[in-house]
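The same subunit A turns up in both complexes below, where it pairs with subunit B and then with subunit C.
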Partner chain A sequence: MRLTAAAGELIWVQWDDAYDVYQPSSTETHVFNETTALILDALKDGPLSLEGVREWIVKTLDAEQDGLALEDLESAAARLDELGLIEWPDRA
Partner chain B sequence: MAGSRLGRPIRVADLGVGTLANRLAGEGLQIRLGPFNIRVQSDLGSIAKLADSLYGPYPLAAADAIADFHVEISRPKNLRRWLRPQCHFYLDGRSPFAPYPVEHAFPALEWGINWCVATRAHHLLMLHAAVVERGGLAMLFPAWPGHGKSTLCAALIHSGWRLLSDEFGLVRPCDGMLLPIPRLIPLKNESIAVIGRFRPEAVIGPCFFGTRKGTVAHVRPPTESVSRSQEPARPRWLIFPRWVADAPLSLSPISKSDAFLMVASNSFNYEVLDETAFRLVSEMVGRCACRSLVYSDLDEAVSALDALARFDDE
Partner chain C sequence: MNDRKMIDEVPLRSLAEAPAQQAADSRLLDHRRRRLIRGAAGIAPIVITLRSGALAAASCVNTKALGTTDGTGLFTPSTGTPNDGDRCVANYETSNLNGTCTGTQILPKSQSTGVDGGLYSISTQKCSGITGTTNVAMVSLSVTSFV
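On to the complex of A and B.
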């Protein structure tokens, strides 16, 4: 998966527990949790597989591999795909 | 200019009922309501009497000022003038709503003016919120209908707070300041007696029974709120109220992300202003202390909000 141009235009506001994000391409406002924000962060350096995104997040957060369920990541990535913020051609 | 009397702008009450009725039936009465000039016309004598008592402290707009809205509440020109009399609300000569029973003309006019603001004033971000002020700082109450916003607002403005608005949090895009539009406060059903008991000195107009929103009566804002209707205020507190019968008072912090969502979803024109609205709501939430308020007793609620403002340390 990789970022779309729309993802580069996002306007972020970070609160303690979540992010409010304005998407100029759709004029919509979203609320993203940490996981969703990290997926976008992980893809800034280039395309990654879902597993690659998980590895990046685990490494960045210095977390346990088991602490981040692949299903949660997949569901957040699917939402980003629907919003047009990532392209995920090999999505199951 | 509208001229002045004793160094102050001419007010509606200065005209007297006779002149008021003639003006309403003729060229119209042009009233200054916060940032808007509204020209009102009516051929109904009841409107003149109610305007004299409830709009008495409101300043007239300058004679040569451009009216933002031309509204009229009048009888139809056909036989319905005589058979179960009705009235129509007109904006710029067109009637956007079904007719009302003539005895509901005054609340219909009030709703109509609110509708004009909500659907036209897109140069401002409009939040569906009551707003009161003290010491230059504003407390906002974004809420859906039925959550006790108007009742709480009416109580606060008779307890040392200034009314900016019972219905519209008008946010100025250039600096995020809140503009006053201190309109009459429409109380519904049980709230009318509640405020009557809470502050017997409050000026409350007649009850209109059987309207589309039940029994409605209008509270006239204190004169100071009306005379300071050109003084904006800076947002400082976001309070999300909910009246629950017999509930103990609760005033608890809520997350800024939840506050953002509730403010944005209580806006009349968030989608219209898109990125500007996002920025304004973000800035407002960022600078405000955010609380959820559950209350059943007005005295307790007012005391808790007074204390929040007094010991503000965020």
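On to the complex of A and C.
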């Protein structure tokens, strides 16, 4: 999966561990938690697989490997894809 | 890719002003610090989309009814039943992007003009912003859409 141009236009406001995120391309406002923000962070340097994103987030948070369920990450990534913030052409 | 554009007074990051490695290290420490504060539980990602007005139409789950209005604006549903106060979206089109929607996804043809038909009144069976013939989608004013 990779970031879209729309993701680069997001405007972020941080509230503790949550982010209010305004998406100019759709004029919608989203609320992301830190993990969702990290999904987008992980893709800033280039495309990654879902597993690659999970490994990056787990490492960044210094969390246990099983602390982030792949299915939870998949659901969030699917939603980000639907919102037009990432492209996930190899999605199952 | 642009870095995050923060609009609060204290930007989370200022990668443009710092060397890349320093910024990356700082970012790791910042995430880990908050991770320690929060504790071991709860790192599942959360996406909540705040919806308002006609933008609620870009939803997979909030569509209440589809139909058309006549020359007087009277709404006749072809599917579903609208509720009092539902948002009316004129000139809609349906889609199901990537097959991800479990219901009917309604997409405004234009997000800048002509999509917000006001609110539906159950007593008049009309939308406050529609006086002529058009196709109309009714969507609930749910403010959140959870993953």
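Simple rule for what comes next: the second predicted complex is superposed on the first by the 91 of 92 C-alpha atoms of A that agree within 3 Å, B and C clash if a C-alpha of one lies under 4 Å from a C-alpha of the other, contacts with A are read in each partner's own complex, and residues count from 1 in each chain.
We take it that a residue touches a chain if its C-beta (ideal position, glycine included) is under 8 Å from a C-beta of that chain, and two chains touch if they have at least 3 such contacts.
As the structure is a computational prediction, the values presented were derived from the model and not from experiment.
Q: Will subunit C clash with subunit B on subunit A after the two structures are superposed, or do they fit?
A: In the arrangement built by aligning on subunit A, the partners subunit C and subunit B fit side by side.
Q: Scan A:17 for contacts with subunit B and subunit C and give back first, second, both or neither.
A: A:17: touches subunit B and subunit C.
Q: By the touch definition at the top of the document, which applies to A:90: first (subunit B), second (subunit C), both, or neither?
A: neither
Q: Of the two partner chains, subunit B (first) and subunit C (second), which one does A:8 touch, if any: first, second, both, or neither?
A: Second partner only.
Q: Based on the superposed arrangement, let me know which partner A:31 touches: subunit B (first), subunit C (second), both, or neither?
A: It touches subunit B and subunit C both.
Q: Once the two complexes are aligned on chain A, which partner has more residues of subunit A within touching range, subunit B or subunit C?
A: Of subunit B and subunit C, more residues of subunit A lie in contact with C.
Q: May I ask you to decide whether A:66 touches subunit B, subunit C, both, or neither, giving the answer as first, second, both or neither?
A: neither
Q: Compute the least Cα distance separating subunit B from subunit C in the superposition and give it as a whole number of Å.
A: 7
Q: On subunit A, what residues does subunit B touch that subunit C touches as well?
A: Shared contact residues on subunit A (touching subunit B in one complex, subunit C in the other): 11, 13, 17, 27, 29, 31.
Q: Can you list the residues on subunit A that touch subunit B in the complex?
A: So the residues of subunit A in touch with subunit B come to 11, 13, 15-20, 22, 24, 27, 29, 31.
Q: Which bits of subunit B are touching subunit A when the two form their complex?
A: Counting only subunit B, the residues touching subunit A are 255-257, 260-261, 264, 270-271, 274-275, 278-279, 282, 285-286.
Q: Using the touch rule from the top, collect the residues of subunit C that touch subunit A in their complex.
A: Residues 1-8, 12, 27-28, 31-32, 34-35, 38, 40, 43-51, 55, 58, 60, 97-98, 100, 111, 147 of subunit C touch subunit A in their complex.
Q: With touch defined as at the start, can you tell me which subunit A residues reach subunit C in the complex?
A: Residues in contact with subunit C: 3, 7-14, 17, 26-36, 38-39, 41, 44, 57, 60-64, 67-69, 72-73, 75-76, 78-83, 91.
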